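In the two assemblies presented below, chain A is common to both, partnered first by chain B and then by chain C.
Up next is the complex of A and B:
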């Protein structure tokens, strides 16, 4: 049986465990053994150790990479920031051997060694490459029945491309998530703002109004160009903005429509037959229309 | 910065040492910048309307305008998205410049309070984001109350803290690493 280490991060296990539930569900359905990374930490988030210095960043990220090394497994994560932080730290250590050495001096003191053998994937690339579209299709129980999806890959899942082991052919014209949604039976057209930032992250924490205004700009383009049934998101942070951010904008009377939003693994879990009450337990925007459509309505 | 229709840069304020500090903190290619503005064309900070956005931050950095850079909090609104790194024709890696400014800023305690909150959570619990009430949420979807991360492994958490104590966190944290 194929194995992969499930890297949880912070937002998924603590804020949106429905994503964790869905991730575990789909890995099982797809015949992949999800190995728990016992004792994993935060990736670390960009506003923490990466903002102190590269060495501290690399040392903190290496904690997780060492755990994967020890188990001899690769990692997969549903959070873009985790994907970015872990891969960038690894990339820094690979391109600066003296940095790797310093990190290992630290790890020697706790009886560990960073080797750098583990590859860090996100669910987009994992589903697209390690599982494959045909294998996904074969497992679909609830065909999405033409459900129109507006996809959001998420910036950290695309850039900096030099740090990533696998990526889109053209990172400014991403297609992988669209193809996955299509394999599940949905429709996922391109739209002009597909790579625009959703505004989540440091901007949301430090300039909330500007972040939400930037998000609304993107959302308006999605509504105007696609008028989709659902937004499908490749990054858990973006999902918090797409789901909670819309709810907030609606509350502030700045939005007169709402589009349901799910993480890619949640949508996949629905198509693979999971129970919607668990898959979308913490979705703020009701999914009634989506479920109706999947069940064969219009 | 003084309020006027044109901001005149006082070149006497240029601090060569500060430029070196930024280079040491990862802004190695800073001097390659040709101020073409491509980074700003793709930067969410700029598009969201922050006045002091990436091209201007790089400009100030190349001139070593230490006070301007350390007093403005815009660098903390950076999304770490790396669009600028991807697009810069001179491979300046503008995001690394932002991080270098942050790294200099934390050393003079010129960072938003939430920075310390994240660092404290990271050190204490192994997670920078550590919201209350997660046990209930996890139970609701049939998952164990605690995830199998450092929150479930005290011995490993101590080891993780040993690792962090060896880093610059020990110098900049305004809380005790115990």
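Up next is the complex of A and C:
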């Protein structure tokens, strides 16, 4: 059985354990052994340590890559921030050997060494490349029945592209998630704001009103151009904005519609036969319409 | 700090970073090419005195669009790191950094969180597994 290290990061196990449930479910269904990383740390995300202390960031990030190397496995994550930070830290250490040396000087005190063998994937690329669309199709139990999906890949699943081992042919015209949704039986058209930032991350911590305003601009485009059944999100941080952010905007009476939102692994888990109560246990926006459509209703 | 003002010198002032910036569309006071211009002119102090460097969402769109391949987002990291060391950063920045240095996680898992996880059919995560002790010490010493 194929093995992969499940890098959960901070957000998923704390804020949205239903994404973790779904990730474990689909890996099992697809015949992949999910290896846990005991002692994993924060990635840490771009808005935190990388902005303040490059060495501290590299030491914290590389810690997770050392854990993967010790187990002889590669990693997969459902969080775009983790995907970006881990890959960027690895890229920085490869392109600046003095940084790698500094990190290893720090690690030597505790008997560790960063070698940089492990690769870091996200669930988009893992499903698209390591599993493959045909293998996913073969496992579908609940066809999405034409469910119209507005896809949000997430900035850090695309960029900084120089740091990534695998990526879209054109990062400003992402197709991989759309093709995965289609393999599950959904429809996933392109829309003009597909690569726009959702406003999550440091902006949400620093200026919540601006962050939500940026998100609403994107959501309005999605509503106007696609009017989808669901937003399908490739990053757990973006999902917090798409699900929780809509709830906040509704509370502030700044949003007069709602579009359900799920992470790509949650939608995949639904299509692969998982129970919706577990897959979307912590979703704020009801999924009744989505479930009816999958079951063949309107 | 891995980058220096020299890494911005090839800037053409074309504004492609700014014209693709989602934050600029929302808040015209955030002007990436202006910040890069100040850096190329050796006016780092002026650029870090601008509160606007903290408005960047670190989406990397600017770096991807730059025809000169300038690492715009990372130039802003350089400015932020300098600003932070000079005590010119918003409170949330140092608070988040302190949480990570103390716990090695941005959101440490408590007993309450684990109860929620178990209800969702997920394994318990130790708040401070033995394997994390060394990293917490490393970060705490920094």
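Criterion: the second predicted complex is superposed on the first by the 297 of 298 C-alpha atoms of A that agree within 3 Å, B and C clash if a C-alpha of one lies under 4 Å from a C-alpha of the other, contacts with A are read in each partner's own complex, and residues count from 1 in each chain.
Here, a contact is a pair of C-beta atoms (placed from the backbone, for glycine too) under 8 Å apart; a residue touches a chain by one contact, two chains touch by 3 or more.
A quick note: this is a predicted structure, and the numbers were derived from the prediction, not measured.
Superposition of the two structures on chain A shows chain C clashing with chain B.
Contact with both chain B and chain C is seen for A:44 once the two complexes are overlaid on the shared chain. Contacts of A:284 after superposition on the shared chain: neither chain B nor chain C is touched. In the superposed model, A:216 makes contact with neither chain B nor chain C.
Of the two partner chains, neither chain B nor chain C is touched by A:71.
By the document's definition of touching, both partners, chain B and chain C, reach A:59.
Residues 10-11, 13-15, 17-18, 20-21, 36, 38-42, 44-56, 59-60, 63, 84, 106-107, 109-110, 112, 155-156, 159-161, 171, 196-197, 199, 201-203, 205-207, 210, 213-214, 278, 281-282 of chain A lie in contact with chain B in one complex and with chain C in the other. Here chain A touches chain C in the complex through residues 10-11, 13-15, 17-18, 20-21, 24, 36, 38-42, 44-56, 59-60, 63, 67, 84, 92, 96, 99, 106-107, 109-110, 112, 155-156, 158-161, 171-172, 195-197, 199-203, 205-207, 210, 213-214, 217, 278, 281-282, going by the rule given at the top. Residues 8, 10-11, 13-15, 17-18, 20-21, 36-42, 44-56, 59-60, 63, 81, 84, 106-107, 109-110, 112, 155-156, 159-161, 171, 196-197, 199, 201-203, 205-207, 210-211, 213-214, 278, 281-282 of chain A are the ones touching chain B in the complex. Within the complex, the chain B residues that touch chain A are 25-26, 44-45, 47-50, 73, 76-83, 85-86, 95, 99, 102-103, 106, 111-112, 114-115, 118-119, 122, 126-131, 134, 137-138, 140-143, 147-150, 152-153, 156-157, 159-160, 162-164, 166-169, 172. Interface of chain C with chain A (complex): residues 1-2, 22-23, 25-27, 54-61, 63-64, 71, 73, 76-77, 80-81, 84, 89-90, 92-94, 96-97, 100-101, 104-107, 109, 113, 116-117, 120-123, 125-126, 129-132, 134-135, 137-139, 142.
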